[in-house]
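Pasting a structure here, questions to come.
Here the chain labels run A, B and C in written order, and each chain numbers its own residues starting at 1.
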Amino acid sequence: MATDAARTPQHFIRLEDLTREQLDDLLDLAARLKARPTNDALLAKSVGMLFFRGSLRTRVSLEAAMNQLGGRTIELTAASDAWELETREGTVMDGRAPEHVRDAAAVLSTYVDALAVRPAPEGQSWDIDRRDAQISAWAKHARVPVINMDSAQWHPLQALADVMTLRETFKRPAGRKLALVWVHSPRPASVSVAHSLLLAALREGLDVSVAHPAGFDLDEGVLDEARSVANERGTSLEMTGDMESAVRGAHVVYARSWESLADYGNPTLGANRRGRHAEWTVDERRMALGDDARLMHAMPIRRNVEVTDEVLDGPRSLVYEQAANRLHAQKALLSRLLR
Amino acid sequence: MATDAARTPQHFIRLEDLTREQLDDLLDLAARLKARPTNDALLAKSVGMLFFRGSLRTRVSLEAAMNQLGGRTIELTAASDAWELETREGTVMDGRAPEHVRDAAAVLSTYVDALAVRPAPEGQSWDIDRRDAQISAWAKHARVPVINMDSAQWHPLQALADVMTLRETFKRPAGRKLALVWVHSPRPASVSVAHSLLLAALREGLDVSVAHPAGFDLDEGVLDEARSVANERGTSLEMTGDMESAVRGAHVVYARSWESLADYGNPTLGANRRGRHAEWTVDERRMALGDDARLMHAMPIRRNVEVTDEVLDGPRSLVYEQAANRLHAQKALLSRLLR
Amino acid sequence: MATDAARTPQHFIRLEDLTREQLDDLLDLAARLKARPTNDALLAKSVGMLFFRGSLRTRVSLEAAMNQLGGRTIELTAASDAWELETREGTVMDGRAPEHVRDAAAVLSTYVDALAVRPAPEGQSWDIDRRDAQISAWAKHARVPVINMDSAQWHPLQALADVMTLRETFKRPAGRKLALVWVHSPRPASVSVAHSLLLAALREGLDVSVAHPAGFDLDEGVLDEARSVANERGTSLEMTGDMESAVRGAHVVYARSWESLADYGNPTLGANRRGRHAEWTVDERRMALGDDARLMHAMPIRRNVEVTDEVLDGPRSLVYEQAANRLHAQKALLSRLLR
């Protein structure tokens, strides 16, 4: 992962930060690490982890990844209340923030070899949160690679594992059809997984059909970029309000709940809107509309709400493979970013 | 530690999960590790730790154990609020729980090499809590060994260190007398240490006398099993309401506070009952009734309430040795379970 | 680091616990480790960390330090509520404290190779807090080295990095002038950094001028000791109420906010007193009074309140070097204490 300037570290804020060649190389390495899980490539290296929101899969798989390569993670957000950082330049810091992100990032860069950040969007306005200002500030000031552990817009670590899983499952993913289907959940996830998966699948050459009820459109800027990737790659992208039409003929059904950006910052409206679409569940009947379709889901899964037990525990499910690939893909990423 | 089916990992839910041969082998290894504390047997391995209740000794000794063998622990419960797991099968998960234990256990099994669990009993009904349902669910769904870090019924890691300490102290523990004596505490511990110690001591061939005030009987199922072990091993087991009678002639006095199962779920009744037995303290006068008796206690100790300073800081005390053996015995256990 | 008795570990409670020879040896090693950051000198070793107050720089730099030397840190204060320890001898422990510091220290000493402690002063009375009773109790009972991670009186890890930075910056620090200047902050730090720096700078042979507004005198016992060190070393020590007089001719300006010991335990009085001195900021104009003066600060910094952006981001600033040296100096310290 070359960088333009010697001083600028390579960050991993979205999957598209990797060139096609970098992605191929990285997933080849991931496959080799899946076969031979441990080495000492990252001996004595450490990744500082900043969690402004909770995490299970991401945190544990990163900790295990570093450990299996001889390094370790350091949790930076535990046991400190000093995390209300100032981000504005030139301000007189006589308020609550005891430190500027510029100084925190510079100092931490001298202690650890990479910084992994899970920002906490404010949740009031999508126009503001879509800018991913918090992780951008870290990337601007850090002198080591910054890894996005799921921001408002992107979840590139999940997308990396998803692409690895697609490549493992289909010798040639290009030309296959993927249905990205919204599913109901009493507590929906953010749009980040859907955003990253959408761009990644198109870039892999899959035809993508996105199905969701009215009011659950993805970010307009992301859709613009998706259309442009589809054009470039010669794949098709369609949007539909009908899950069954999306699943028909699909080789992969990617189920995901996401919140309504139309209702962003208004939980009551959001809950009302969701409540009208409780029938958006992936079950065997719907899966049967596909072309020997496999199920993907980024977890956690609310069983029998998002996807039925029958599908999850049956032969179509790739969900545990996806989760396992988080570990392998991240080991490859860390090996490249920190070498 | 062979397992019946290739797919079923060997768990460590109670000390009796180990055969006699496995226990002997493991404590031999523990003694060797006490003499030569570090090796790289568990290089790049990790143990995921799930604490649904706080812990000091158990957590630190497990972390140190893994570190001294080249591996590490990963705390799974920190920095996540996603731990209200569903345990019922087939349920429609539209309530609070965001994930099923089946999925959490399956995924974590792909990231770590063992799962150590400290469950949190509900504390309402002993009939329910005695079933240890939480750790059983983890053992059922995990594909790696599950280690019990103190459940409602059992504390096998403590028992393992206790047996190691008995074997170190007495060349042949069999035939010795151990007095397991209830002691007063304003905040009593659970019955788990007493339960595990009782079975372990009988299995080692010691005669056991259990002393406690009325209303502090141990679990009836455990007592049935204890009687059956005593029969099998040809040792004696007696219950008494008189501490001095239990201690008379004993070679080991094991002091432990435990809550009343009769008052389980009713703290006011429990406090009233305890309050009437504040004189149940182990002191020099009582120790002198034994046969050159040694004191054991699983810690933490409320000094001069459970046991007097004089006994604790005198030559009869084995308590620091017991605590130190937690580390050595756990290193042996981890070496065997994770190899 | 020899110890008087074979049984007494060498602690690091204040920088002055090191002899001149030990300090020189340690900083030589720190310089070598800065050039070659990793080795396996502390393979399988661990440092237990007790945080009774939050920490960022200290915690992360210690974790990274251990990792780069093959060992690790173990956080002891997370996930446990059992930290209300009894410190009085001979007491009947029927109150809130579930364990005596004597027992906790003894047991933890068998699990880890050193204990690093950040105590929480009570904050009511300086006469009481100045005694550093909490860390003294740990040092008394631990059987492994105890490292002070910032007590009421001393912050020796910061002073170690500060001396390293002084020696790096000036081939011969002796004979240079250092101005230790109080600066305004809405939430001032404690006096510990100022105390440790004051003694360390004098011991290095620097002339020191301390500037602060009325009511911000440092601890009288520390000042007595400082005068005695100055006499011994033949350096000068002056106190002034005029920042510019202190900075005039200085080669180093060490900026630090600290709370008023006169108002200790009375936040309202403290805030009122501070509020009258908001102009105590280090800016370019004041720096220009020095002799090509360099800026030092222990961080975190409130920009444009304590020090202006212009100074911090300009060529006079040593603050990032100081922060980086925390890591290198601590690696040298740990290498010596734990070997």
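Heads up, the rule we're going with is that a residue touches a chain if its C-beta (ideal position, glycine included) is under 8 Å from a C-beta of that chain, and two chains touch if they have at least 3 such contacts.
What you are looking at is a predicted structure, and each value in this text was computed from that prediction instead of being measured.
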item	value
Cα-superposition angle relating the copies chain C and chain B, to nearest 5°	120
Chain copies touching (chain A, chain B) - same or different residues, decided at half shared	different
Mean-CA-position distance for chain B and chain A (Å)	41
Touching two or more other chains - residue numbers and ranges from chain C	72, 78
In the complex with chain A, residue positions of chain C that touch it	37-38, 51, 54-57, 59-61, 63-64, 67-70, 72, 75, 77-78, 186-187, 299-305, 309, 319-320, 323-324, 327
Chain C contact footprint on chain A (complex, rising order)	43-44, 46, 48, 71-72, 74, 76, 78-82, 86, 90-95, 98-100, 103-104, 106-108, 110-112
